[in-house]
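The structure under discussion appears below in the form of structure tokens.
Chains here go by letter, A, B, C and D, matching the order in which they are written, and residues are numbered from 1 within each.
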Amino acid sequence: MLRRLALIGVFLPLSVHAGESPVENWLLKTDMWGNTAYQSLTLSQDGNVLSGTFDGDKLVGTRQGNRLDFTVTDSDQATYRLKATVDGAGMVGIADDPDTNAPGKRVTHAFTGKRLPARPTGSPKVYTFTPKDYANEFSATRAPVLTVWPGDSIHTRTIDSGGVDEKGNTVALFGNPQVGPFYVMSAEPGDTLAVHIKRLRLNRDYADSLDSIVGPALGQSLAGKAQELGKPVRWKLDLARGLAAPMSASPALASYSVPVRPMLGGMAVAPGFGSPAMSTGDTGRSGGNMDFNQVVEGNTVYLPVYQPGALLYFGDAHALQGDGETSQYALETSMDVEITVDVIHGKTVPMPRVESPTQIMALGQAGSIDEATRAATTGLIKWLAQDYGLTLSESAQVLGSSVHYAVANLAGRSVGVAASLDKALLSQLVKPARP
Amino acid sequence: MLRRLALIGVFLPLSVHAGESPVENWLLKTDMWGNTAYQSLTLSQDGNVLSGTFDGDKLVGTRQGNRLDFTVTDSDQATYRLKATVDGAGMVGIADDPDTNAPGKRVTHAFTGKRLPARPTGSPKVYTFTPKDYANEFSATRAPVLTVWPGDSIHTRTIDSGGVDEKGNTVALFGNPQVGPFYVMSAEPGDTLAVHIKRLRLNRDYADSLDSIVGPALGQSLAGKAQELGKPVRWKLDLARGLAAPMSASPALASYSVPVRPMLGGMAVAPGFGSPAMSTGDTGRSGGNMDFNQVVEGNTVYLPVYQPGALLYFGDAHALQGDGETSQYALETSMDVEITVDVIHGKTVPMPRVESPTQIMALGQAGSIDEATRAATTGLIKWLAQDYGLTLSESAQVLGSSVHYAVANLAGRSVGVAASLDKALLSQLVKPARP
Amino acid sequence: MLRRLALIGVFLPLSVHAGESPVENWLLKTDMWGNTAYQSLTLSQDGNVLSGTFDGDKLVGTRQGNRLDFTVTDSDQATYRLKATVDGAGMVGIADDPDTNAPGKRVTHAFTGKRLPARPTGSPKVYTFTPKDYANEFSATRAPVLTVWPGDSIHTRTIDSGGVDEKGNTVALFGNPQVGPFYVMSAEPGDTLAVHIKRLRLNRDYADSLDSIVGPALGQSLAGKAQELGKPVRWKLDLARGLAAPMSASPALASYSVPVRPMLGGMAVAPGFGSPAMSTGDTGRSGGNMDFNQVVEGNTVYLPVYQPGALLYFGDAHALQGDGETSQYALETSMDVEITVDVIHGKTVPMPRVESPTQIMALGQAGSIDEATRAATTGLIKWLAQDYGLTLSESAQVLGSSVHYAVANLAGRSVGVAASLDKALLSQLVKPARP
Amino acid sequence: MLRRLALIGVFLPLSVHAGESPVENWLLKTDMWGNTAYQSLTLSQDGNVLSGTFDGDKLVGTRQGNRLDFTVTDSDQATYRLKATVDGAGMVGIADDPDTNAPGKRVTHAFTGKRLPARPTGSPKVYTFTPKDYANEFSATRAPVLTVWPGDSIHTRTIDSGGVDEKGNTVALFGNPQVGPFYVMSAEPGDTLAVHIKRLRLNRDYADSLDSIVGPALGQSLAGKAQELGKPVRWKLDLARGLAAPMSASPALASYSVPVRPMLGGMAVAPGFGSPAMSTGDTGRSGGNMDFNQVVEGNTVYLPVYQPGALLYFGDAHALQGDGETSQYALETSMDVEITVDVIHGKTVPMPRVESPTQIMALGQAGSIDEATRAATTGLIKWLAQDYGLTLSESAQVLGSSVHYAVANLAGRSVGVAASLDKALLSQLVKPARP
């Protein structure tokens, strides 16, 4: 039990009463030598006897008035003793934990807790959310902007990577400012968050880009000349015809236009405890500035959950983008977004996945394209094992005959490679019966 | 003038007579301290005075009976003096060359020469060629199996990578044995050879593969298990329906079949002087075991010419192949092949290119996917500059909005990445008028 | 002028009086849409007229009582107008800045300021600092623990990477908790911080390590077996004899001991504005968890300054470490540390540098060893240009004959390569006279 | 039994008679569809009954006069039947082998054989060998220039990488022309060849280099400027004082000199059957153009044997070289060389190893520095297992505390990384008793 916990003081007013629910859900927030751990606590009461779970492990204890005292035993048989005082929808307490550095020793940590609301009636709901500010980090400690439940939808707007909204106003700091985080009730570390992109539409008539070529795309023979690049290029977006064309184009490009394909460059959940906040320019297993041109309307992104509530962020929409985002800035613009969230409990994905109506795609991200290719392949094999029950030998045959690789992103600290398979082929697979 | 030359003793009987052609074409073969250099010689005679070209540089000299004596001056003003005695369609001689290691010193090399035939009447021709043996190296010294002219077509058969023909007989050593080389008249170093794949069809009902996953595709978490892989998998080829399915498949794959897409895994010209023969398992700028699944019927492969006659080889056909040839062996099989060759004189391509009816594709090959990606991008930018007149800034805009990257090959010493663009988009470009 | 500014509320009590210093030094802290920018302000007053600098650019303005109003013009001729009210050693204000996204538009940001102390008398000083807590991020927003001046020394203690101190108590969260940050007066973005490691000594008799082999060191043939590794290995440190030996060693290693060579695995300054806090497990141009076994007593580390005061952190000491830290944990232990800091004003280093009595070493860090090698070489060439005046051609000759490359670190997200040269050779270079 | 065999017609006259030796040693040379396989054959005769080994597998058969007929069974129980006619020290025959592509089918191959000489009396010997020509490929089919036995020494001279000898004459084609191959009697595939470098001395007073920086060393920020590099730089070699200094140096380098450290850039054995000849500019597991500055006098190079007789080549000496040979050409010069060869029977090394009086060094070579680092580490772990009996866990502890990594070579198609350990530390290891 590595994760430690405490209260986010940011939730909507509670709409449940103690009498309504036999199981109480709490979010605990623990101070770990100046670092914050969040953990879920569920409590059931039978007389004075408490049972439930804490961070996924079973607890037993007692409740005397507003005093809780319970012990958690994790899968390694380590025990954690928590004592707390409840005050309405809050609690404060002290955890007495094993010192993982020194067998036999114990350490204590203070925590607070906040009771989580019950699900509103009339679900699933569609929320229209108007951002008031934007995040420049994918952080576990930023206060959630909205709490939703699996099946709920969020309709909102994103601004461009420079912080400019659909009206042309700068409303946030450059560097891919994101909307969020959205707290998705019931999502726990080890689960998977599914983000269905229901609608992704242009809402202004221009996008900003550069004439750059990023280093990972550029051979040394051109590197000298490329240092003269990097000039801003504004593209006109023809919303009616769905075309983008460079404005003030040179004669060669005067007639060049490309069909738009709106995508979200950024989407992530908060990193887990022990991992610091991630820059909105960075990527990792939790997603991030993936800049993958398959994150489009109609597709679903799957992300591994590392924090209670998942804490979903997204932003940095592009009107379109070539593979690799080789121009450093894609066609950066603001966007109307509608997503629906779901949680797959107990299923862990090792990296971001994208599913389209016709393909499954695993997105490997690493410090080199070589390692990203390995990660993507490994991720796709994992997918075949999880959802199709394939052995490694069977996956090898499927990949050898059928896999596609695209270089998704070359513009960040990590680069991305997508390994994909056609669902029409996979539909021929016979999933073995489970014993 | 680096390249030195001599006679390939392998050409078809000469069908020209001295009187018919005022220009004689010769192929010289020079012994460079045990290494063989091939160079083209053209000779025109006016009285005793000789003019012409040698390895692309101008020559002047005299002919006295069967004795030739001429001097070549290259672009660095270095001079080469060649003296030879002609005997029918052959010659023998001595070249007196500058010592490139020591200004002022000279070195001598013996050479032989063979006169090249004139173009047969009735061109272009379609040759049906039945291989008698196969090459396990892309070599400049292997005797040409056929001499053709630009516009001619060759109809032949390739065997599988293990050396097995369409009847199931082992007729060559494993390791991608190739048909060739084909000597393409008029092709010179600095030119580009275009190979149009007119027809590429299955001619037997099975293909051999493995259940492997190659190292560059495989993350370390699976590497342990992957050591148990590598078992042969035979695939049934349904020629009528165009489907491939693993034979003796496990239940999960019992219904798995994939549409065939016949491709040539191997295609190369001979490496240039100073580069040794290349294994038919290897790749380079001259092509090779590219294992790129876009080398299919209807597409054209462009290769840089490094030797007189280009010396084209091909083989190692696959019934189909996923990106990267991740199973080490694709669906290896024999094939009916028809190609048409063309030469683009004076145009140099820096690496293999493939053109389909809808796309242009530059194939970067290097020791890592990172470097192959750089090479492919650089190659595509060069293409845009050569054929579309784009500046680097313009190319950056086209790539950023429109480029596709596929990982072509992970199974060789060099890996391959293809950078491609849609011709429909490129058709919008306005090529600048040349001053 | 990208950087924006505001007050760190954390400095020691001011020991200066307005009358003593004609130039006031302030640190401003600006809220940039929820992100914090720090910038230095110097003010001189002549009557009501203000002059000085703000973030390195000149300012002009007026002071009316406690009201400041001044305008800054940067090198691009953009203007910033700041108005503030001074209250003792603090100020609050509003900056009116150009909108970098929209020529002609302006944006406003609130800021606070704190006056910085004058240099104490009796400098340079040696401070003995006892940490009260530790940092798990290299952050610009963490309050400085001590303010020092160039030439001052700091004597302190570091704890091990797991958070355990010299007494064996866990006092911080795992993940290389660091001491700091130390605010170095007069250090400004664009300067270089020199950290002389005066003393680095073991202070407990054991170190903790693993029997791991990190992925970047491990071929696939061993990856399967390596998954059984990762077990803790405690090493006995013989402080008297300066030897480390694995405890509970297998028979083969029962007599194995290695001379200790104490080093600091972690050392960094805070990242610049726009870059988020960096994990203490990560590295970058500002240093970080470099895990370079040349960061030892007697050597000097040079780091680029990105924030006013540099904000120096260090920690994660190792009793010794092989190149690359291939065991993921080196011999992790606590340490007595004494450093002396210096600032080289106006000199920018592009990456961490280390200088020993005999060598100069540039530490390239990147997502692959290939790119880290390029970075290290480029960094060494820059060093030769800056300090020795060498042209690129001259550097090429020096490197080709004399460079050493060591793989410094393989255990982090970025890997490190050190390129080094012997100072005895470099002492032969003749620095050209500057015109 | 993959390897097929036949006679090299190049050996010294036989000095043995049938009556002297009960065991006959032959080298067979088999034509494998145009490719040549070499294999060793030992024959013992008892009446008409033959026994012995062929390519390491046991044979049984009969001899009737000069007719041999024997059957070989390999470890997979596949059988090979060879029939031959002996004529003095030669034989010709036909092998009837399994068709590895088609169970049940057989294929036939013609072979020739030559009887190998017995060891001369008075061994070990020191041979003085004067090269008559040089090899531009590491090839299995080039005729051996000298046959030696384990323990024998060879004293010879190498020329520089451009083909220039100690008198300044161009005597071979550029591209690292090598001396050899030397046939080392008794060396068989699966053995290890040890090459002790007894003496390596300069024999002329200049070396040729460039002012280049190779691509793998060069960051993109310098790539533009670096295109102006590549100019020849001649270095004066002061043989008496052991110093090298650039001639015609710029003022900055006018006093720059570096102690020479003569090394052999090239050393390799012939590749195995199925691998084509390797360019003398290339490297692989069999060695090659390693350009590793530890291949110096006093050190030993270990190479894996892939062909009967090993077929050793060496050349491309450097007066000195920085790590990585970053200038593309090191200080290229001719050299006096004396080596002693040994064979370690039955021990296989997976890659080149170098041993100095103080260190063991495994040289990993691959298409990227990342993969070369993995190869080097894997090679060093293999060494620790083979010679010191260490488990992977024990090796992990030794490496983590004690390994050194140097980047050996950046100038070839493959790059090289050396992982090394100090023998003083390793001498503390206790080799476990074998059960």
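Please note the rule applied: contacts are C-beta pairs under 8 Å (C-beta built on N, C-alpha and C of every residue); 3 or more make two chains touch, one makes a residue touch a chain.
All of these numbers come straight from a predicted model, not from anything done at the bench.
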- prompt: Which chains are shared contacts of chain A and chain D?
  reply: B, C
- request: Name the chain whose C-alpha centroid is most distant from the C-alpha centroid of chain B.
  value: C
Query: With respect to inter-chain C-beta contacts, which pair, C-D or B-C, contains the greater number?
result: C-D
Task: Calculate how many whole Å lie between the centre of chain B and the centre of chain D, each centre taken as the average of the chain's C-alpha atoms.
output: 31
- request: Just give me the whole-number Å value for how far the CA centre of chain C lies from that of chain D.
  value: 47
Query: Where the centres are mean C-alpha positions, what is the separation of chain B from chain C, in Å?
result: 53
Task: At least two other chains touched by the same residue of chain B: list those residues.
output: 218, 220-221, 225-226, 368, 370
- prompt: Can you list the residues on chain D that touch chain A in the complex?
  reply: 215, 218, 220-221, 223-227, 368, 370
Query: Of all residues in chain D, which touch chain C in the complex?
result: 209-213, 216-222, 225-226, 228-229, 231, 233, 235, 244, 246, 250-258, 320-331, 368-370, 373-375, 377-378, 381, 388-407, 410, 417, 425, 428-432
Field: Complex interface listing, chain D residues touching chain B
entry: 32-35, 99-102, 105, 107, 133-137, 162-164, 168-175, 177, 274-279, 366-368, 370-371, 413-415
